[in-house]
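Take a look at the structure below.
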Amino acid sequence: MLRIGVVGCGAIGREHIDRITNKLSGGKVVAVSDVFVEGAHKVGDPIGATVYNNSADLVNDPDVDAIICTTPGFAHKETVMQAIEIGKPVFCEKPLTTTAEDSMDIVEAEIAGGKHLIQVGFMRRYDKGYRQVKEMLESGEFGAPLYLKCTHWNPEVGTNYDTPMAVYDTAIHEIDVLHWLVGDEYESAQIMMPRQTKHTHPDLKDPQLMFLKCRSGLIAMVEVFVNCRFGYDINCQIVCEEGVIDLPSPAVPTYRKSGGLTTPIGHDWKKRFIEAYDTEIQEWINSTRKGEMNGPSAWDGFVANLTADALVASQQTGEVVPIDIGVVPEFYKK
Amino acid sequence: MLRIGVVGCGAIGREHIDRITNKLSGGKVVAVSDVFVEGAHKVGDPIGATVYNNSADLVNDPDVDAIICTTPGFAHKETVMQAIEIGKPVFCEKPLTTTAEDSMDIVEAEIAGGKHLIQVGFMRRYDKGYRQVKEMLESGEFGAPLYLKCTHWNPEVGTNYDTPMAVYDTAIHEIDVLHWLVGDEYESAQIMMPRQTKHTHPDLKDPQLMFLKCRSGLIAMVEVFVNCRFGYDINCQIVCEEGVIDLPSPAVPTYRKSGGLTTPIGHDWKKRFIEAYDTEIQEWINSTRKGEMNGPSAWDGFVANLTADALVASQQTGEVVPIDIGVVPEFYKK
Amino acid sequence: MLRIGVVGCGAIGREHIDRITNKLSGGKVVAVSDVFVEGAHKVGDPIGATVYNNSADLVNDPDVDAIICTTPGFAHKETVMQAIEIGKPVFCEKPLTTTAEDSMDIVEAEIAGGKHLIQVGFMRRYDKGYRQVKEMLESGEFGAPLYLKCTHWNPEVGTNYDTPMAVYDTAIHEIDVLHWLVGDEYESAQIMMPRQTKHTHPDLKDPQLMFLKCRSGLIAMVEVFVNCRFGYDINCQIVCEEGVIDLPSPAVPTYRKSGGLTTPIGHDWKKRFIEAYDTEIQEWINSTRKGEMNGPSAWDGFVANLTADALVASQQTGEVVPIDIGVVPEFYKK
Amino acid sequence: MLRIGVVGCGAIGREHIDRITNKLSGGKVVAVSDVFVEGAHKVGDPIGATVYNNSADLVNDPDVDAIICTTPGFAHKETVMQAIEIGKPVFCEKPLTTTAEDSMDIVEAEIAGGKHLIQVGFMRRYDKGYRQVKEMLESGEFGAPLYLKCTHWNPEVGTNYDTPMAVYDTAIHEIDVLHWLVGDEYESAQIMMPRQTKHTHPDLKDPQLMFLKCRSGLIAMVEVFVNCRFGYDINCQIVCEEGVIDLPSPAVPTYRKSGGLTTPIGHDWKKRFIEAYDTEIQEWINSTRKGEMNGPSAWDGFVANLTADALVASQQTGEVVPIDIGVVPEFYKK
């Protein structure tokens, strides 16, 4: 049984606690912390967890084997660095940190420590569909991938959602999953702004067409359209030398009614990848218990920061912005 | 140029005249007739056709090479027999006649005349989809067909539409096209009545599940549901030894809107097979000009009568009703 | 934590032990038994379970809260009756027993005991697709279901698979899930044998068309074709007064290759419903811990026996065979 | 009956002669010409057409009401200018001419003549699918189109097919149909070269991602991949403010076989739009007989030249190349 401490008892923290307690196998939440300690008590007391009002004490609790960090992004670095210092594994929600520099600090600390400890919460890699696509790509039957197209269509956003969030909050999932999917590294980023929907607001460019070029020459196009109205619809089509592969949409009943044959499209992004969240945490528990770390690494968190920054830079100018991740450290090579 | 006389200037007659005049090649309507002679003038005068108030005069007009018979079903026999007598080809709308006996009279007259003259207006055989399915079946790649399922779903009918019409007017198309599709002969018929829709009326059983057993053992199931509400939707799935084939639905744009990805289903049966009607008449013109007759024959018209009668008999009892078409005459073997 | 004893350490027993131990939450296998005691040790020892060479001792073990019975069908009754006597919950794999009479004995014993203890392992009710279909039906938006069609297509079977097994081993899943899906009771059964595939053998009729008529008049048609070659393909289409609903197939990547756009169809029946198996056991653990029993009941097990027997009787004659389940006991009404 | 003269008796000329003679209504080929006069005799003699060895004589033949020009592109201008001079309608295969300057000469001559005479052979506008999409766009139910994506996937090309041909011969169809579809004008062009397929050759960049920006801000992306191996596959998805519309693929039977459910994709570009070719010529005959001209105009031919040249310029540099069509002449406004 992996004894887990959860840092940050907000919505996502509570969800992870619930799935570990009621759905998954092999883990137990033994400690929780939150600067807002009453919130921590509310979730920790019913399950008999020790309650802390700060991250450091939880990390140092000898009964805690591993940490899940679900605080706001700006607070991740502190917890992660504490855990590295003491040598405990951390599952850290995305983003790893809010700047490429901070993420690089973590990368360097982890390498210095010599132990793989950090996994970043990019759950798309745990979606069954993406995994099947990756398997098909790796089978060799489709030849090299040449370009690919993704839609990240979302029904609507509030007025607090602005142009950079289309990258940092939305395309960030494609940023992580795509280079993993094709086994390549990004080299440059560019954004084109097509005609804008009337359903957007002054601080938000919507839709946006994002392009990520890889070292192999592969171009990944990501369509972000967050006020598309009709639903939350994630698609990914990969054009290869010998054929084309399409990510499946969720299996739902189709129906004939009122002059049409319809496949429903959900509106809720959380439900779209709900099984992926479960798998992500289950596999983290399993691998952590074995002393392994297989998921998205601190390095992947750093790459995501750098790539997102390049895309945001291009939002202003429309120009091609280079992405220089440098040499992938030996430590992170698979 | 095939000089055509059209007997019967109702809706379907006018449609054939229009397609021959404005869309198809190689035919010209030179004469029209209708007992309601004013109606005949209305369609015949603008295209310079001779107008008759009776079928016999039109059939005997030496300027008429071939006849299209679009009168009500009860009147078909007279025109067709006149044409056989004088040796002129006829395209006769379905049903050939309203009884198996009358159709058999035509069959015998045609055989006696020694010339293939009669084509019955079963247009489904000219639908591109059914033809492609037939080609696939005949390729041998799917092995023997074992059973098949068709839906004949129609949005709604009026209160004048009654239980036998589900066979005589609706399933009649499947009756003809299915034995042609699988190259087999019907042996027995049966109808099951499932739970009835609240949208039907006292004189109509709806839906009905019809079963036609063939000599090979193949069972064809036809679902007739004429108040299905959602659209006119024709499907046909053939289960074979080595695989399953599905008739395509018409190609229409799909769209994402309001929480769904929808393929529209039309409501209008006429539009569903509009290209088939054109092809049917064009090929009839082409083959008639060459002195050939390739379409559904008088024999097929007789088989349709006999089969429909057996199904209607089973509507009352639910019992299996034998269909005895006897030996297919040499004259009609392909 | 629910302390579980597993009776029967064959393939399916080992799978349930694995999922309880490594995937699911809230349960722990504390005892195992098998008449072949070495097999029981092989699976029980590594997880520290007590090992028995008989069912009775395991059932009576005070450390065992609940039992999973995965012995061969003929041995189920003994274990289940022992458990009822001592008042412990049992998850019993299908079939509950091998005869309707034996299942009725269990039903009567459970009623006499006054406590809901028995759940039968019909896992289709836990498939996400069927559940979504049921929800749509119950929404009322589709009106009453009138008839439905299922395919149970399986790529191939060995020569030990014979005609009755098409019901007892294959259609048995549809028998359970369909009456649950439409909330109705079977009244009669019938089987038609269409043309037979050349890929079958003398002891097996294949394919078979099975018909189950319900009290409402609804007809459920189940196509069982166990040598269909192309894959394991479960479909279910429900025709209702206001529309038609289709069970989804699993979500898999589609691909363009070699002149076609293909959606893969698996060959393995176990993988098709793998998530349903997990959900089935997880929900059984959850409800058992709460002292509830929500799944397919002993009564459902009895109904399945009776319905399967009627279908098998019709395999010989082709006749309609009545199914008389009598009055559903108050005890089992939901 | 429209009396038609066909200039150029190559493959495409012969096809148009065949469809006018054997499939369509209202037209008759009365004259043919070819510099290779034996070829002209071969097709003209059997249908009793006058045979010329030059375009001018055919155009001036008083028995010729209208001209179809199917010579190689470089020879179009001469025939078209002759026809304008004498005031006869011309259906000219694409491209109108091989340079924007030559096309502008035709535009100016046609305007000077004051009569709409020239239709260019962009047949996609006659495809039922594109027409349905246009109707849906114009219904207003989808709001403004914001961006769109097309695939022009072709199985393979020979080594004589080079980089500019990806625009001039392939994307040229999208160039014409897209601005018509969305009712907009191109403003700039750009091409990105993604990773290249190993199945291409030194003189051909393949695939290519082409971008056309319109005055409204709409971006049209055209993926040209002419060695995609799997088939000829034309797709077009239009992302609008209120939903997304997809061009349908042709209706073909789907089949289950060998572990998959497959929709065949043809390999032959000619068959893909065969009905569109028929409709194109039929509607040209119909409108010409009424003294109208509704199809793609000389101006559209000019716009296609200019747009194609801009795309080809970007093939070298990857830069955005402006497209300056100037003010659309009143004469060509719809």
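Every chain is named by a letter (A, B, C and D) in the order it is written, and numbering of its residues begins at 1.
Here, a contact is a pair of C-beta atoms (placed from the backbone, for glycine too) under 8 Å apart; a residue touches a chain by one contact, two chains touch by 3 or more.
Chain labels with UniProt names: A, B, C, D = Inositol 2-dehydrogenase/D-chiro-inositol 3-dehydrogenase.
Here the structure is a predicted model, which means the values were calculated and not measured.
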Suppose chain centres are the mean of their C-alpha atoms. Which chain sits farthest from subunit B?
A
Return the chain pair with more inter-chain C-beta contacts, choosing between C-D and B-D.
B-D
With centres defined as the mean C-alpha position, give me the subunit B-subunit D separation in Å.
38
Cα centroid separation, subunit A vs subunit D, in Å, comes to 45
The distance between the C-alpha centres of subunit C and subunit D, rounded to whole Å, is 59
For subunit A, jot down the residues that touch at least 2 other chains.
229-230, 242-244, 256-258
Touching residues of subunit B toward subunit A in the complex: what are they?
229-231, 233, 256-267
Residue ranges of subunit D in contact with subunit B within the complex
21-26, 128-129, 132-133, 136, 141-142, 242-258, 282, 286
Along subunit A, where are the residues that touch subunit D in the complex?
143-147, 149, 153, 192-199, 207, 209, 211, 213-214, 216-219, 221, 223, 225, 228-230, 239, 241-244
